Structure formats: structure tokens, C-alpha cells
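Labels run A, B, C and D following the written order; every chain starts at residue 1.
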Amino acid sequence: MLKNFNWKSALYILVIAFILLYPWLGASSYNKHLFILFFIWSIVAANWNLMMGYAGINSLGNIGFMAIGGYTAGILAKSFGIPPLLTVPIAGLVTSLVVTLALGLPALRLSGIYIALLTLIFADTLPSLLTQTREITGGAMGLHEIPPFYPGMDKTGAYYICFVFFLIVLGIIYRVIHSPTGMAFVALRDSENFAYCLGVNKFRERLKVFALSSLLTGAAGGMYVHALGDISPTTLGIEPFLLTIAMIELGGVGTFFGPILGAAVIVFGNEFLRLAGTLRLTLLGALICTIILFYPGGVIQLFHSLEHQIERLLKRKPSTS
Amino acid sequence: MLAIKDLDSYYADLQVLRGVSLHVEEGEVIALFGPNGHGKSTLLKAICGLQPPKRGSIQFKGEEIAGLPAHQIVERGLAYIPEERHLFTDMTVLENLYLGAYPRHARSAVKRNLEYVFHIFPRLAERRNQLCSTLSGGEARMVAIGRGLMSETSLLMVDEPSIGLSPGMKLAVFDAIRQIHQERNMTILIVEQEIQHALEMSNRIYLMKKGQIAFERKGEEIQVEEIEKAYF
Amino acid sequence: MENFVNALVSGLISGSLYAAMALGLTIIYGVSRVFNFGHGVIAVIGAYFTWYLLSNFGVPFLLATLLSMAFMALFGWLLYRFTINPLLKKPNWEFSTVLFMLGAGILLENVVLQIFGPRVKSIPLLAEGALKVAFIQINWHEILLIVIVLVAILALSLFFKYTRTGQAMRAVAQSVPGAQVVGINIEQIFGMTFALAFVVTGFSGILLGTKYYLNPHIGWEWMVKGFVIVTFGGLGSTSGAVVAALILGLVEAVATLYLGAIWVWPIWFVLFLIVLLLRPQGILGGRA
Amino acid sequence: MIPRKPPVWLFIAILISLSLTLSACGGGKAEIKVGAPLPLTGPYASDGEQMLKALQMAVDEQNAKGGLLGRQLKLVTGDVGALEAEKIKAVGERLIGEKVGVVITGYADSGVDARVFGEYDMPFLHADAMTLDTEVVAQDPVKYGNVFQYCPSEVSYGIDAAANLFEMGKKMGWKEPNQKIAIIKVDYSYNILAADKFAELVKAQGYEIVVDEVTQFGVVEWGPILSKIDQAQPAYVTFWNLDPTDAARFMVQFSEKFGEKGLNALVFMQFTPSIPEFLELAGSAAEGLLWTASINPVGAGVEDYKQRWIAKYNEEPKSIYAYVTRDGFDIWVTAVEKAGCVDCYDKVIENIRNTTFAGLAGVHVFTTTDQQSKYGADFIPTIWYQIWDGKNLIVGPTKYQKEQPKLPPWIK
């Protein structure tokens, strides 16, 4: 165990410790807000990456999953007074059930870009469904004043609850990636024929990922509405969609830490870029283009090269001194 | 005509060709034998520019062509007929053949070459307006060879032309290749697993193993059994 | 009955607009397998460029269109040469091009916003007046629109069938190694494909601009509809895209008439699902 | 395949430029920050631009006068894009973080900005015209006491239209052929709540809603919906959709369908023709259209303001928000001057509550229940316009009327 303890583990512990202590280190409400967004979006991105990067399901509809979860939790809490401790898991289950049956079963029989387009259209259908059901969902107005996790919750409370959720979901994803199922995905991704020989049932394995990923994304939607209090069809708009895709690609597709790093860059970067006024999106677009052209592996690639350099330094030291 | 020296080629990090050297003289038929996965196809792809080699030299008609893009190599009169055929399946036989004459130098000879292809493969003339996706395996192979001939080539590289064909079709394909060699005095480099047939028509053979040339012989000097033994 | 026929006419008009949205997309995807996620913005740029020439220099419509086509061709070729081409050489090109074009889309959309401002612009109609037959009434502008779209599609299919470059594009579309083997310069053909597709996309932007009006953001909507149509009709198939566009346009009109506008997307989704499950390659797509 | 070494310097350059932009936001201490969440990108950017110009001009003019209580003002803006709740919240949190003394916007809303700024103490003045933002004030006046809407809410459109639309026909000398009404509304609370209020009130008057169509933004082909209108032959066609392109397409296609054939109906729109693009896009198709706006540049001093605007920006003010945003600013300035301090929020808010301010949009007096500007001819009037010769002519109410309404061309 001690042998495994290297500077990297130290770094993880430092980061987690920092996040834990941050509200006590004089974080402004704004910064806490950004961290909450970061926790939730990185979960959405990580699950999306689980589908896209690991299971090879090129879904473009995950924002829709999140919205289904968010609306489910919001309606349950607001109209039926169910406590958030229950609405979040129910939101996840409902999302998983609806999405897997209505979208996963048909979509996974298709291949490649067709899955992408079917899921995209699925997500685009949701706003008109919301309009049709506006007595319950509020239509374009959305749902507001959704009860927080507990009465009188402040930003710090939401911060810690979302952080715990963030750790749990990342833990699940980590386990999944390193489980036999996860290995099967990687085998599928790398060589379909080889995986077939190993007896991997592609459809079933993919359906499992689909169900799990939509479950966690739906739950993230539930967390979102309880932490922030509102949801409306604008959450399904083109910009959140683009930004989440950008998180995954920017961070590094098919890596565990990629989407988390990407979410950090986008959530914090996008907010900082707000200072650039109307040039914000121009700069963001330029940033995405630059990174893809010069860092095709995403930001994680940069970290890997840094890691190598640090490791080289660490190795060299004893011999020189 | 073709002289290869110390060719190294990689597939990702895996070295597939290790210092391959061989030569093909004008009018010769050269057979390249060797077990599967030992670099024969890679060699042909390296020559025609589909998978450029990492090191070494390829001289074609005295000119260095290693590392040139595929289309420039075809324009110099070198045709490669891939094992996978790579036909344009949603086009007719005729369209496929016309596209074979895409290189500039081949355009003036389209009519003559087309007649010649139909002379060698009368069956293609019957099927000229049929989509390639509807052809049988043997017919598709004929289109692939015909498409190669259309490029007004001086060296024809054929990769496993008989693979996956019925015995009768195999014979027809080998006959056609022999006919092309005899009637047009075409230089041919052929990779084949049907050792017997290929050996019969070759002037010389090379045997490749583990990315290297194991040996080179005159066609009449070697027996099928000897080659088969060398595989193991 | 009267309403139904009028709805069909509306559907025909929407359908031809949708076909215009899908054309450029299907050309690029068909040849290079790059899914252009910046498609809508490219159309918007073509339209804005034309609008700029029309309103600031008083250039005649036809000349403005031609100039903007030339600009789009250059733009497409440059974009391919300096960004897509290097990306295509990398192992995960399929998704990196998607993301790159997404990023480029955001970038260009906001460049358009910076240059031309947020206010809505309009491109003048192609013709005034209307044709009346019994109770049916269609504007000449819209008839012209349908005709232009049909002519453009016909011209494209002739180009693909009979010109050397067009044949080479089809060859590349069907088999890249096959095309290399017959001596087609892949990079050159890709470059020309992007130039051609950008011309077509820019041109469609002009047509759409007459009806939709222009703002820097409108392109995303065109793109999403274009995606639906292209998939519905069969990726890479021009004729499939046209058929799909007409079907979806008609379905939209009839659904609006009898059920209400809000039903259009859900019905599209179900239709889409059915078509994809029965024919995963789309209505007229060749291969899955 | 050997991956290319990424140019680390490029990445570092990006990081540095990011942090430079960041550090650039640190400012002086003595100045008062005016926070402004505005839609600067996205579909509402053209209004957002006008709001920004109005606030910039207000701040500049105040500073030229020696500032507010001797302190210079500084405008701090935040882009809320397409009015996504998430963005408004983030922008809100950031403005609060910058310790702004007041938050003013034309509109920045998807129904959440009142909630975001209601959490804090400094005054928040908006002209969202949305019940979603005033109902929270009514529900919790203590918590949301700092939120003011310096215009009436959208339902006032419904109330006003139900009261005056039928009068307009009579003024034209037109007799309604039946009591049928068509409602075409977009799924957006600003429009839907107004339309629903209208429907409720006219039904009580004995009218019948024969077409009730909800759409989403971005309708291109109005044909099928126009066919429904044709079939139902209502006496009134009312259109509630904020998007000027939707509205312009509707009018163009309406006049194509009924221009010659005729339809014995008045056509009414909520607000949208006030967005300048509408007239440009709809052109002659809009002739004869009736519409109302609940905020209008009708107050004293509008002409002078317009001249100052032209002098500063070399162009005319382009939307109603070029004017009305200034009222929000002036109300706050007056209240601060009266209080003699900026940070004494309770005092400032109390002064705003007791405002009687004659501004560019009329006389602002806030209601005690939900703190929105009172609606009415003596307060903030809803003005009736009819479009003739490409111009918006004021046809009501009587106090402001300049022209007599006339029968639209499609009534034969």
C-alpha cells in the first residue's frame, strides 16, 4: 500500500482536502456556486464519457437525460412534497427506465452516427413535450422554487451535498470502468471481433451502460434542481449541449479524469470568460478549436506529459545528488 | 524495373518489414510467397504508397518513389490490385473501369484498354451496366484486375487474386493473369497462397518470413513442397 | 379539403427549405465521412456575405450570389486544408472533426455577431406576386425556391455522374483505398468536396435567409433539422435527403393542421425511430 | 504513430491570457458599481445592446455631473445569453461578488432573476414584465422587498386588450361579424400568461375562443395555422409571440392569404412590433395591424433624451429598452440622492417604494403588493398603435391618441 503512495496520491488528497476546506477558506458565494455547477456538470460529462468514450455509444442526448431527471425530481418535490433524499434516486430510476426503453432499446440496434442523431432528436423532442404538459412542467416557464435538499439550505450546504454526490458517482464510475463489464467495454471499443470471441454480448453490455449512465445522469439532474432551485427548457438549449460535449473532448475522451478536468476548464473558464463580455463565446470557440488542433488527446494529455516530466525529475534526483 | 532496398515499415509501433530488398525486371512474373501475416501485403502497400515505408528505397524505372502519395505512384505506371478489391460498389462495372483510367497518362488509352479488358474478361462486357454490389466474388475480382489494367500500367501488382474463389473461378483468374502477361508482355508481381498455380507462371519467386526475404529462387529451380516446408 | 391541399402546399415549401438545409451536409458526409457540426453557421455566413454585398454595395443579386459562392469555395478549401486535413490524419478523427466543427461553429457564429451585430437582417425575395389556381395560392418566390432547389439537386447529380471530379468524389465516398489505388488524389478531392459543399451550404443559406430572416444564431436550428433529414433520407444520399425533406415538410404541415404545431417534433421522432428500425440506412441510403 | 509533442507554450499562453482577463477585473475602491445582467449574446442581443447603451449613457452623464454623492459610477455587466436560468444565477453570483451597489437591467429573465437578487439586500430594478418575477415579491415581501419591476407585468396586456380591443373596432366604424376569437401564442411565459388572461376575460364577456394554438419559437410556415383561421372565420385574430421574425412571417403570410381574399377580422399583437426589426421584415404586410406596448417612450423629456442619444451614438435609439432602462437607473439615483448614501440599502429601498417618478415611460408609482409600476393612463400607460405607411401611429388611449384607427386592408 505504501509503495503505491506516490506524489500522485498526495496530489489527489491535496485536491480533495482543498475542496473540503474551501468554504472555510473564505470562498465567496459565487465561487461556491461555480463549484456546485462543476460537481454536477462533471458528473453529467463523466457519464456521457462512459457511454461515448468507453462503450462507444455516440449519444448526443445526455442533456435530455439530465432534464428528465431534473423535471422528475422537481415535480415530485414540488407537487407531491417528496423529500429530496428520495426524489434524487427516483429521478435516476425514472430517467433510466424511460430513456432505456424509449431510446436505448431502439438506438442500440443502430450503429455509429445513427445513434448520435437519434439521441440528438430525442433531446430536441423534449421541449415540445414540456410545452404539451405545461400544467405540470410549466412549459417554457419551467419549474421554479423547487425545494432545496433541506429547509433553509445555504450555498455551503449545497456545496457539500453536491461534493459528496460527486465523489460517490465518480467512485461508481471508477468501479464500473475497472470491473469485468468495464473491461468488456474497452475490449468492445478496441476490437469488436475480439470481444465477440471472448463471448461479450455487445448489445447487452451496451444496454447496461446505457441504463447505468442514464440513471446517474438523471440523478445528477435531480441534484441540479435541488441545489439550484429551477429548471426550464433552456437547460436543453444548444449552449449547455455544446459546452458539455466540449468538456468531454477538451478533457480527453475515454479517460477517467478527462471529463472532470474538462468540466473544470469549461465551468470555471466560461465564467471567467464572461469578463470578456460579448467576446466570451468567440474566445471559447477559439479555445476549443485550438485544443483540438494542438492537443487532440485533450487537457489530460498535457497533464500526462507533465506527469512524465515530474516523474523524470523525481527519478533523476537521487542519481545526481 | 522495380528495385527495393532495405525497406523498413511499421504498423503503429510494430515493425512489419525488416530490411526487405528485392528487384523485378521488365517482362518478368515474380511470385511472392510466405505465411499469412508476415508482411507480403504490407510490402505491396508500401510500394504503391498506401502505407508509406519508414526507411529504405523503392526505385521504379530508375526513379525514387518511396514516400510519394499513392496517386503519384499510379501515375508513374504502377498498378496495385488489392486483396480486398476495394471496388466502388454503388457504381456500375463500366464506371469502375473508367475510374481505373483516372490517371492523366491513361486517359488517351481508355478505349483500347477497355476493349482489352473485355477481351480478357468477356463476362464483364455482359455485366457492364450492373452495379458492382450485385457481382459474384469472381466477377468482382475480374473488375478489380480490369480496373488495374485500365490505368495503362507497366507493372501489375496482384495481391492474392484467388482468395475466396471457387476452384473454377480460381483457374479463370490465373488464366487471365497469364494471358495478360503473354499478350501484353506485362511485368507482374503476384502474392498468392495457391503456390502451385503461381509457381507455374513465375520466372522467379521470393519467400518472405517475419518481415524479411528468406530466399529467392528461379521458378524452375524450386518445388511446391520446398516452399510449403519453408513456411514452418 | 381546401385546407388539406393548402397544408400540402405549405409542406412542399417547408420541404424544399429542409432539402436546402440538408444538401451541403450530405455532400461532405458522403465523401469524407466528416459530420459537419458547423453546418448551420456556414450557411449563415454565406447568407450574411450576400446580404452585405447587397445592402452595402448595391451589387445585383445574381452577382452578389456568385461572389459569395466564390468566397465560400475559398473558405471551404482553406478550412479543409488547414484544419480538417491535419485532423483527418489522427486516429480519432471521426469525433475530433465533430468537436472541431462545433468549436468553429461557436467561434464563427460569434464572429458574425461581432461583425454584423445582433439585429435581424433579411434577404430580398427572389420574385414578387403569387400564382393562383382555384383556391390554391403560391408565391412566385416560393415556386422559384422549389425550382431552384430542384435544379440545384439535378445539377449536383449530373455533376456527380458525368464529370471527372464528380466521379472521383463518388469513388472516394465509396472506397477511399479503392480511390487511392486508381490514382485519385484523396486530399485534393476532399479539398474540392469541402469547397463544393460550402458553396452549396452558403447558397442554401441565401435561400433560407429569404424565408427565415438572418441572425447570427439561426444556423443551429437549420443544422439540427438538416441532421434529421440527412439521417432520415440516408447519410450521404442526395436524393434520399430530398425525399426525406419533402416527407418531413408534409408531415409537419398536416400535423400542424390537425393536431397543432407542438406535435411536430414528437411525430418526427417516432417516424424517425420507425424508419431507422426498419431501414437503418435511411429511406434511400445505400449501405448501413 | 508517434503523437506530436504538444506545444506547451501555447497552452501556457492561453492560461496567462485567461488570468490576465481575470485580474483586469479588479477596480478602484471609491467608485459605486452598477451591476447589469444583460442579454448581450443570443437571440435577445439586439435588445441587450440597447440596454447596455442606455446604462452606459446614464452612467456617463451622471459621472459628468460629478458622480453620485460625489462618487464616480462604474458599470459592471454580465452576459445572460439566451436568458438561461443557469446563466442568470452565475452572473448574479458574480455581480454580488463584485459588491455592486445596485442591480439594474432591462430584462434578464427566465423567471429567476427576482429570486436570485431577492436573496440579497441591494436594490434590484428590472423591466422583465413578468408575473413570475412579481409574484415572489407578493408572496414574500420581506425577503424580496428589494425587487422592483419598473414596468407593469405582462398580464396587463391581457387585461388591457380585453378592455380596449373591441372598442377599436367601434372607433373604426366596424361591426364585429361574430364573437369568435383566435389566439396564437408561443410557449413563453411573457406571452402565454398575457394570452391566458385575455382569454379568461373575453370569455367572461361572452366571446368564444375558436382557435387556441400554442407554438414554440421559430415557426416558418404559418400556412396550416392560417388555414385553421380561414376555416373558423373569427372576428379577432390575436397573436402573442415575442420573436419579431415569427411575428413578421405571420403577418407576411397572413396578408398573402387574406390580402385579396379578405378576412373580416381585426388582427392584434402583443408588444412585438415595437422591436424595430418587425417593421423592416414585415414591410407592407403589417399595414393596418393593431398592437399594444405596456412601456412606451411617451413621458416628458423623451425628445431631449433622443437627441442626447443621437449625439453620443450617432444613431437613433432602436428599441423601447433604449428609453425605459434609463427610468430604472434614474429611479435608483433619485432614491440614493434622497437617502444621502448608497450602502444604506433599507433607506434607498424605502425611497424607491415611495417613488413618484415622471420618467421616459410615464409616471412610475410602485404597487404596494408586488412592487411593479402601476399600469394605467396616469401612470405607465399601455399605448395602442396601428401601423400605417410603415409607421406606428398612436390610436389610443384617448389621452395619447394622435390618429384615428382605420379599417385594415384585408377587411373588405
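Quick note on the criterion: a contact is a pair of C-beta atoms (placed from the backbone, for glycine too) under 8 Å apart; a residue touches a chain by one contact, two chains touch by 3 or more.
Note that the structure is predicted; figures quoted are calculated from it, not measured.
Grouping of the remaining chains in the absence of subunit C, by touch: A, D | B. For subunit D, the chain with the farthest CA centroid is B. Here A-C and B-C are compared, and the pair linked by more C-beta contacts is A-C. Closest to the protein's overall CA centre, chain by chain, comes C. One finds 32 Å separating the Cα centroids of subunit A and subunit C. Subunit A and subunit B, compared by their mean Cα positions, are separated by 51 Å. Taking each chain's centre as the average of its CA atoms, subunit B and subunit C sit 41 Å apart. Subunit C and subunit D have Cα centroids separated by 35 Å. Within subunit C, residues 110, 113, 262 each touch two or more of the remaining chains. Annotation for subunit A: residues 127-128, 131, 278, 281, 287, 296 touch two or more other chains. Shared interface positions of subunit D, i.e. residues touching 2 or more other chains, are given as 1, 41, 45, 187, 214, 216. The list of touching chain pairs reads A-C, A-D, B-C, C-D. For subunit D in complex with subunit A, the touching residues are 3, 5-8, 10-11, 14, 18, 21-22, 24-25, 40-41, 45, 77-79, 81-86, 89-91, 93-94, 96-97, 110-112, 115, 132, 136, 186-189, 192, 214, 216. For subunit C in complex with subunit B, the residues that touch the partner chain are 164, 167-168, 170-171, 174-175, 177-187, 286-287. Within the complex formed with subunit D, the subunit A residues making contact are 28-31, 33-34, 37, 127-128, 131, 134, 139-142, 144-145, 228-232, 234-235, 237, 239-240, 269, 271-278, 280-281, 287, 290, 294-297, 301-302, 305.
Within the complex formed with subunit C, the subunit B residues making contact are 48-50, 69-71, 74-75, 79-82, 84-91, 95, 98-100, 102-103, 106, 133, 147-148, 150-151.
Contact residues of subunit C toward subunit D in the complex are 2-3, 6-7, 9-11, 13-14, 17, 91, 110, 113, 117-120, 122, 130, 137, 139, 211-213, 215, 217, 221, 252-254, 256-257, 260-262.
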